[in-house]
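Look at the two complexes coming up: subunit A is in both, with subunit B in one and subunit C in the other.
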Partner chain A sequence: MTPRASALHAARAPIAAAYACALVVAVLSFEHPLVLAALGAAIVATGALARCARSLARAALFGVPFAVAIALVNPLVAREGLNVVLRLGEIGPLGHLDVTRESLVFGAILGLRALLVVLAGGALLSATVDPDELLARFRRVSVRSALTAALAVRLVPVLGRDARRLADARRCRPDAAARPNTAERLQIVRAVATGAMDRALDVAATLEVRGYATPAAPGRGRRPPEPWSRHDLAVAVSALALLALCAGARLAGVAGFDAYPRTELALGTAEWVLAGALVLVALAPFAERRGIEP
Partner chain B sequence: MSARSAARLLAVLCAAAALGGCGVGPGEGPQAGVKLTVTRDFGSRPLLERDRLQVADADTVMRVLQRNAEVRTRFGGDFVQSIEGVAGGRRDGRPVDWFLYVNGILAERGASAVRLRGGDRVWWDHHDWGLTPDVPAVVGSFPEPFLHGSAGRRLPVRVECEDPRAAACDAVAGKLISLGIPAGRSEIGGSAADDTLRVLVGPWSRLRGRDAEADSLDRGPRSSGVYARFDAASATRLTVLDPRGRAARTLGAGTGLIAATRAVERQPVWFVTGTDAAGVDSAARAFDESALNDRFALAISRDLPVGVPLQEGAR
Partner chain C sequence: MTVLRFDDVTYRYPNAPQAALRDVSLEIGDGEFVVAAGLSASGKSTFLRAACGLVPHFHGGQFAGRVTTGGLDTREHGPAALAAVAGTLLQDPETQVVLSTVRAELALPLENRGLAPCAVARGVEEAALALGIGELLDRPTHELSGGELQRVALGAALAGRPPLVLLDEPTSQLDPVAGDELVWLLRRLNEEWGTTIVLVEHRLERCLAAADRVLGFESGTVACDAPPRGFLEWAVECAPALATPAARLFARAGLRPAPSGVKQARATLRAHGLLDVGAPASPEAPPARPRRRRLRRRSQPEPAPALAFRGVWHERSGGRAVLRGVDLALAPGERVALMGRNGAGKSTLLRHANGLLEPTRGRVQSAGRVALLLQNPNDFFLAARVADELSEPVLARAGLAALGERHPRDLSGGERQRLALAIVTGGAPAAAVCLDEPTRGMDRAAKGALAGELRAAAAAGSAVLVATHDPEFAALAAERVVLLAEGRVIADGPAGELLTGGWYFATETARIVDGALLPEDGAALLRARMTLEVHP
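What follows is the complex of A and B.
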């Protein structure tokens, strides 16, 4: 058996995807800062243990400004909160605007949640799940949806390669600088974007020729069911345990958080236990090192 | 952008912010406190009352309410869904909701957009609005709006009497003046400005047909928000309605009525009126904070108060 980079890479694609989705569900289930911090730590640690910290860092380059924008916009649109920290007076269509401590806190929480969703649902998923395997399995359920998903997944790298070719071609010009400036970058992006529909048709035709749109005949070409590996089991149990923890905590009223009119959060033993349990459960699959690259 | 340009831009922004009324923190509070009242069923069932609440420049009706009661909001925090567990929705198949009056005038904006000034009276009432959602003015915040006006602006007050020499006219004008409210006096229809708070004093038979707001009261609660109706012929009987608009009690000679209404883009008009001169005198005697407190309108029969609209089992 070929050693894999991590337990997530070793698990079959749908299970690894379910694990990433469970992290996203956990993030969306809570507004409590301690729980979100614990989930953030779990996602970053998962990225490091799955050897895709660099992918997470790249995603954070996009995600952090996005999160900051959310954190800044919320106080300007929220009318709630009792403790005014800044009076901005009459501001056009927004009317009389007061920035409250509660809206700043909740804006920061919304921004953090958005960042964690980008990291778990975007970077971690794409770095640890093989899209071909995922689509191949999904194809058994719905051929057309699988074809559409395959097209969407493959179109982005195709356009990226197109952009690199255009950039290479631009550098071949005698008057070109070594690195394109902003206007030249914009030209390349425009050229790629305007040709995207044509390229999508090309990719779709290629996928069709390769048989992606043809459902397999019954009983033919279907692989026998593979036995579950220890990594499949560990990651699946971890994903289910994450979801169970979230549901249980919600039902039991643990990690309660009220953003308005006053910021009120429960911070007792139950919240600390929940935060610790979420981290432990999320990282538990990585304890199994058999079949993993040293 | 150079550092010098950035510093200039920052200075301009700071100056604009300071001129635009911006500031750090909630700001200074006004000298006079604010009164907050929460009731149910057209003021007949008190839920909460707080007097002399200190408020800051940045305070809105919603903030003051949330500081003093358990509140659930909707539409992004602009509107109240429930206060102290009493929610809007349907009750016995009838629509009920929370309505906000500031200085006796129905608020036209969400509670988070209404700023408070010193001396304001805030009144939340939860009531059946199946007959009309629009009760534009009430008398239960007296001496508001005469004392502090509307939206932080004091308004001119004029007492318009059918007979300026009548005792009732003297009593009403005297009451306002004793509260420090400079009130002019004239005959009916003597005020031209839309921005004047008017008090019409006289028997209904003499007020009827001489004023647009008086006509709206004759058209019924859907038009005026007043749940009472004088008889069409001679105005010698007053029928007090219940919240559904059904006749609940008919009062005969000697009955007085104090009510308020408001036309669009105009200030409220109050009526101190009655079925006859005795009724007007009764109403003038009841033109007082203790009698009017938390009333949408008030009928007076044999010097006894009758709440308008008349709630089953209410005072």
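What follows is the complex of A and C.
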């Protein structure tokens, strides 16, 4: 992670994290397709301006199948909607099944929201927020929780590598099939879990000898307040404005959307203004380029 | 001034049948460079963990006696408090680095001590400068190589300039160059900053020349506490597995005192007029053996290779080429050591041998099944009992029948390696047996036993290809050495030629006596020169 690759990177970690969380809140606040499309465009543009489009693309590789699965499942489980587009009749445990246009539309909206949450809350957050800085600030609130978080953060990739090594080792056995069967997969999972205990103990021992459990020393946690940079201010204002726009729109009934029994959505000036405002507010911090490294 | 003091310390791990430390009493003074030596499970790592407070605070168990580290009694102060006076570096670099950037990792111990931000920033810069890792400061830790990780972990142990640094086999995962650099870095810290160093190490030939004092551990007790030369005299007499190749060379040649390193050894030989003597090659000298073998091979038709790499390339998608047209063939029964620095492509090449990886160009041929033993034997253990990993006859053939009820992870390093080898071979001869860094963390006795097993496998007709950083093990286990660099074979020849006449890819004996590979060969050469000297 380049420290000052964009305004989002240059802002302090809690503020950058709050910005990503504000985008997630915005996505979860609306079901209106126009607003969700605007938020999607804002997230993708944010990723590009923060120079982490590749991270977003990688996350999309996992997120899109997940979104498609949601979009496909919804019509099969939803029993609402007036416009039947496909009559599937009696299907085993699902009973009588009619696929409606409304359930298809709402499934697509749910899938889109899931994808946007993965992109904003997962990829954008991890690509632009320094987890060490976030942990260091969180540690002042709760040492034990931060210790657990540090262990978990460190162990996830370590255990992933362990699992890959164990799978490779299994393939080296003379009687191994090219692909492990379910029992063999379970054996690998169990071995990784056993190894996880050893790994966790090693990491915990390292944290101990680095003095992580030292009782609060004078001055510890009392870092003199740092002045807010222009990037801190810009990103924080943008996050707050996003939340304010969401709250205001919800209170004013803008971007209303009813999925059932018939798909109905408001599509007036207010909705277009809201969509444009969300994009502008989300991207505004990137207009400030001073101090950003090429 | 004493920085570390043990008073009658006895310690037993929870549920362990016997004590790991027994009545250990010693003092280590300010500015000393101390090496702790011993076979596996002799108590040296436990000694280190007692010094940094992990024993008993972290591990539990029964503890008697008193350890005083930097003036703090470890019974009253835990590892976190002791971290201010003792920096600790444990064995596995992957679990030694906790945070996601190098800068944060170096800052962590300083922040934990409550230092002001400017003091933290200064400490980070100084540690980075001292270790030459300034360019790594903003790199994510998951992108670092093993050697870089080890340096960063050492930087975290040194940040804040603790008066005492405790290190548990820090070079076990490094290539010879990086390992030597780390040891000399410790020597520099010791000489320039006066930092007291306590280093646990199996490969003593790497660090004895830098040490002031050596502790020899045996069954949880300090059996020897002496300067390096005194320790080596003791080792030659009482614990031959701990004697360095140079010490064994001198002992076999009847020379004294035992040298602590190449420089001392050569100086002694020069003083005796035994260096640079134009003596004819002894009939026992090793270079003669490969020459005979090569002549024999030329006169006979080449046998079909047991394993062959034909123009093998491996290019990572979107990345660099790891292997660049490797051509290498192993005859049945041939023992080959694959050497090269970290990242040279050794592991990648081995993974092509049994199909774990497919070449992006070229092909791999074998005369039958290829058994591949990966770096960590623990990765092969999926069951909770040794007996569930393999059938009884195979266990018996591997000499592990008596250990059937044990958990595989509870075995010693050598036993685990033997079990893993039996798992990949299935107890039956394979066309080729490939091993990736099999000696990491092994003591000299276990290495000798493994070399014997490899010789037996070759005698049964298997070709043996072993990737190793350890020239001593390569000399013991292989008759031919292949040197890889940047994914290419840059040298390929008899061990007697390739492991002599170099600096890094050479045995200690070869660096002392030109033309000799192992202490036995070197001693024979020296004896021949002594005879020449007496009867010109």
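Following the convention adopted for this analysis, the second predicted complex is superposed on the first by the 247 of 294 C-alpha atoms of A that agree within 3 Å, B and C clash if a C-alpha of one lies under 4 Å from a C-alpha of the other, contacts with A are read in each partner's own complex, and residues count from 1 in each chain.
Here, contacts are C-beta pairs under 8 Å (C-beta built on N, C-alpha and C of every residue); 3 or more make two chains touch, one makes a residue touch a chain.
This structure is a prediction, so every number in the text was calculated from the model and none was measured.
Is A:Tyr260 touching anything from subunit B or subunit C once the two structures are fitted on A? First, second, both or neither.
Once the two structures are laid over each other on A, A:Tyr260 reaches subunit B alone.
Per the contact definition in the header, classify A:Arg79: touching subunit B only (first), subunit C only (second), both, or neither.
first
In the overlaid three-chain picture, which partner chain does A:Gly95 touch, first (subunit B) or second (subunit C), both, or neither?
In the superposition, A:Gly95 contacts subunit B only.
Taking the superposition on A as described, I'd like to know which of subunit B and subunit C A:Gly211 touches: first, second, both or neither.
A:Gly211 contacts subunit C only, not subunit B.
According to the stated criteria, A:Arg87 is in contact with first (subunit B), second (subunit C), both, or neither; which is it?
In the superposition, A:Arg87 touches subunit B alone.
Who touches more of subunit A, subunit B or subunit C?
For subunit A, the partner with the higher number of touched residues is C.
Look at A:Asp132 in the shared chain and tell me whether it touches subunit B only, subunit C only, both, or neither; answer first, second, both or neither.
A:Asp132: touches subunit C, not subunit B.
Need the overlap of the two footprints on subunit A, from subunit B and from subunit C, as residue ranges.
Residues common to the subunit A contacts of subunit C and of subunit B do not exist here, since the sets are disjoint.
Considering only the defined contacts, which subunit C positions touch subunit A in the complex?
Interface residues on the subunit C side: 52-54, 57-58, 78-84, 87-88, 90, 92, 94-101, 104, 108-109, 111-117, 138, 140, 142, 156-157, 351, 354, 356, 369, 371-374, 376, 378-383, 409, 423-426, 428, 430.
Along subunit A, where are the residues that touch subunit C in the complex?
1-3, 130-133, 135-136, 150, 153-154, 157-158, 161-162, 165-166, 168-175, 187-188, 190-191, 194-195, 198-199, 202-221, 223-224
What residues on subunit A touch subunit B, complex-wise?
77-80, 82-90, 95-96, 98, 260-261
In their shared complex, at which residues does subunit B touch subunit A?
Contacts found on subunit B: 17, 20-27, 56-58, 62-63, 66-67, 71, 73, 76-78, 110, 112-113, 115.
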